[in-house]
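You will see subunit A twice below: alongside subunit B first, and alongside subunit C after that.
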Partner chain A sequence: MSSRLAQRVLMACCWAAALLLIGAVAAVLGFLLLKGAGALTPELIFGEAEPLAALSGRAQVFDGILPAIVGTTALVLLAVGIALPVGIAAGVYFAVYAPAGLRRVLSLLTDVLASIPSIVVGLFGLTLVILMHKHLSARVYPSLLISGVALACLVLPYIIRTTEVAIEGVDQETRLTALALGASRLQNIFKVLLPRSLSGILSGCILAIGRCAEDTAVIMLTGVVASVGLPGSLLGRYEAVPFFIYYTSSQYADQHELMQGYGAAIVLLAICSWLFLLAWIIKGRLAGLAFRRV
Partner chain B sequence: MRPAGERLAEGGLAASALASSLVTVAILLFLLVMGLPLLRGGLILQLLGGGWQPDQGQYGIAPMLAGTLLIAPLGLLIALPLCLGVSALVTVLGQNAVSTFIRGFVRFMTGIPTVVYGFVGVFLLVPLVRELFGHGSGMCVLSAALLLAVLISPTMILFFTEAFAGVPESYRRAVDALGGTRVQALVYVILPQAWRGVLSGTIMGMGRAFGDTMIALMIAGNAARVPDSLLDPARTLTSHIALIKAADYESLEFKSIFACGLVLYLITAVLAVAVRGLARDKGAVR
Partner chain C sequence: MSTEVKISVENLTFAYGDHVVLDQVSARFAAQRITAITGPSGQGKSTFLTAINRLSDEIPGARVTGRVQINFADGPLDVYAGRYYLPDLRRRVGLVFQKPNPLPISIARNVMLPLALAGRHSRARKLERCEAALRDAFLWDEVKDRLDRSALELSGGQQQRLCIARALVLRPEVLMLDEPTSSLDSEAAGQVEDLLVALRDRCTIIVVSHYLEQVSRIADHGYRIKDRKVVPVG
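Let's look at the complex of A and B:
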């Protein structure tokens, strides 16, 4: 390694690796944008229906991805709505209260939860349905609600971890000042720790939204279908953008349906990139830490 | 004595932490309950060792196990040198425009939806592999492993670069003082010091590779038999779960997906515990 040549060769290999990886991703994105740019029209989303009429519910959308977009939005709101309060509370408990021994056990379990493949989490949701169907009520079927609960389990560890990391990022002096002045621990949490770590928690929340929006494996076992229209109720089936993309890739009948798949893929990519940028602007460094736990 | 409201709130926080952690246990229990009939009477051995021939009443998951054990490690094998190269480059370059761009790009990659990779893979990579090798449909182990390598790279690179950056600055300065170059510092000092982080990142990438569903489902072809070559289609444990469409929840065919779920759960849990162990050892040494 002392020779200049060996060092040069090594560096050349590193450059080649970087160019190869970036080139591969650029090829994927470029291919998608080039082939799919033509699909980005109002018809992609609204089909034959008048956009304003479709948005206000006066016209039904048959040949557009509006129902899938609405379904994904409902799903994200539901899952993050469940996971956020529980996850932040758990993260606060880990960072502020948990005794070392208990914390080690519980955070081990959280780490394992973060590592469980999403399809297995989906299987958990399906099992929930089967058991409830058998023992609780015969009217329980895979639905938006079940998907939301299962997805909440999937993103819970991210939210816990970002909250924990964000609170521990507050420097020791600041953490202790209010306590020394006679504030209770709870006052300290709400008046000092949470406001100070808000940007970190927020970026974790945005990443969780992105994870919910792009996940396909959990929802395909827990209630998503290819075509059902706008989601009607929490206990009903629904459409979602990532499932639409998957379904189109294997089941498209003609060029028009294929182009819809390209369009939907660009829409999903745009949503996820936008969320990613938002999280990065809010807190670049913490975002990286959270992703490590993928 | 603290006010009641305070104690109530604290109880709520503790309950949330406990509930979140118990989800992990609940998932395992549910899988066990549903898969229990399989564990009795040696049926599990038949399942794990046997082939998948539903028309002959054979519901073994051995082909899926083979598919997973082929595609995931192959993806990792492709990704590992790439990720080491990229991380080394970023580290050697230090803080300049190129390395900032690469770091940003890698972070951005974590945000790309898996299903988008899968979709483009079907229409770009699969035809490419088909034309290049002139064998089969192009939906095969190799195509899936290639795409999987791209998918797991950002996780690994983020781990690697962080491990490299964690080596104390004074060590690098010592190399500088001895007249060593940045490349020499990387090879002789940083890599040996950061091996734990490199191992953690590799295990993390492996976990992602084992757990991925959409790439294998969309790209690997899903044939439920042991592939003879890298250009043959294969089905992974994850896509087997995704593909099952049994109407009868009591059938053996349906039960087999819980065996797949259990195997996946155990593999990824062991990997997660290994990563934690590595992190804790490091803490103990310091």
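Let's look at the complex of A and C:
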């Protein structure tokens, strides 16, 4: 009797926890949309400039967040583009090649990397800039590239871990199928293990995208600025949406500016959703191609 | 001819970490014969097979010592001595798993997969070898009109024969099968048994089985694995 009661209480707690989570997400989204929907105008994005002219690069955008949108998108693609191949390769090494002892050490180091606060990663990026400025070329300054590299370090552990876990999750029989048919280890990785692990790797990729899109600490120290226009080169400074939200909310002068902050937050969510969708489509394509060349 | 030894195993010890599965076992497998390996479940019958084509190298924690010599047509190979390209060994010593394991691709691609992995055949040649292997596995008539369909659409018995065809497409000198009929109904099992008997002229066959009836029906020789030892029967 009492065990049945306990089971019911446990069930109720589980439901409550799930509802709390969904409720929290709904509350944040609802609050944002309610507050910021009014600010979602072409003016928020393009400022005074004519939208078409701004998009085609004929007109400069001064008061809008178009440069920040482009900056954040470029930054996320750059950072994930650097972290993905390195992270997948490291994850494959851990899961397939690394001897047990070395693997324990490397796993520990990966965990340490994952637990480093982003402001420290930002300092690492800044140190990198200073060192390169001194010893490599005086033309090295905080820039999009440096931010991308620093952010890649920040998200590398997610990608390594999810790749490793996904490959480990492939059951032993499947792992051995192609090997028994005369596949080399490399062929087995590309034709069996990675295609089977795509879902796991994708979830790591999505985590990484979200982390890169929202991070402010790293980019503040490595190259983001409040106003510079569309990012012109990898070695130049740039604007980013989270930084815009951060400084708008910390030093807004009137209600209108605050509303712009809310509007920008909605835009940031939209950018993330769009990038998730992109990752998901790419995964679908890759899964279709995986055995095509066999 | 019956005395020609294809595979000789001497003092083979197989351990997963500290857990010894096979302890100093020796066995001989005659060329162009079916040798059955029987014994209770969990005693290392499947493990024994992976030691012969060194698939054990790919299993985390597996350690093998001892000597395995395979007398291939072009000369003997000491499996655990010297350095050579392991996929070459596995291409000559085929292994069919207990549970049919076709990949989620078409029937034809499944059968041609080992050729593609070995990578030195034209498409026409691959199709030709694919047809020959499917015929050898008594499967051609059932699938010839749907080679482009997914292999997962086949029945269990057909999938197992597909896996045998896939192992045969490289024309291995040795074919090892790990309880190939355990997941099949009696009719499908009978087809696989007939198939093995027909293949005997071409390959040295080692089949793991715990159906004694089946063993007495098709096997020429037998070994029994129990308590970490391999002993001849019959």
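One rule holds for everything that comes next: the second predicted complex is superposed on the first by the 237 of 294 C-alpha atoms of A that agree within 3 Å, B and C clash if a C-alpha of one lies under 4 Å from a C-alpha of the other, contacts with A are read in each partner's own complex, and residues count from 1 in each chain.
Here is the rule we use: a residue touches a chain if its C-beta (ideal position, glycine included) is under 8 Å from a C-beta of that chain, and two chains touch if they have at least 3 such contacts.
These numbers come from a predicted model, not from an experiment.
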Partner chain(s) touched by A:V224 [first = subunit B, second = subunit C, both, neither]: neither
First, second, both or neither for A:C212, with subunit B first and subunit C second: neither
First, second, both or neither for A:L156, with subunit B first and subunit C second: first
Partner chain in contact with A:V140 - subunit B first, subunit C second, else both or neither: neither
Which superposed partner A:V76 touches (first subunit B, second subunit C, both, neither): neither
Which superposed partner A:K35 touches (first subunit B, second subunit C, both, neither): first
Subunit A residues touched by each partner, larger count belonging to subunit B or subunit C: B
First (subunit B), second (subunit C), both or neither touched by A:G182: second
Overlap of the subunit B and subunit C footprints on subunit A, listed as residue numbers: 184-185, 291, 294
Residue numbers on subunit A that touch subunit C, as the complex places them: 100, 172-185, 187, 191-192, 291, 294
Of all residues in subunit B, those that touch subunit A in their complex: 2-3, 6, 9-10, 12-14, 16-27, 30-31, 33-34, 81-86, 88-89, 92, 102, 105, 107-124, 150, 153-155, 158-159, 162, 181, 183-184, 187-188, 204, 207-208, 210-214, 217-218, 238, 241-242, 249, 257-258, 261, 264-265, 268-269, 271-273, 275-276
For the subunit C and subunit A complex, residues of the former touching the latter: 53, 55, 58-60, 85, 87-88, 90-91, 94-95, 97, 99, 101, 103-105, 109, 112-114, 116-118, 166-167, 170
Of all residues in subunit A, those that touch subunit B in their complex: 1-2, 7, 10-11, 13-18, 20-22, 24-25, 27-29, 31-32, 35, 85-87, 89-90, 92-94, 97-98, 105-106, 108-124, 127-128, 130-131, 153, 156-157, 160, 184-186, 210, 213-214, 216-217, 220-221, 242, 245-246, 248-250, 261-262, 265, 268-269, 272-273, 275-276, 280, 284, 287-288, 291-292, 294
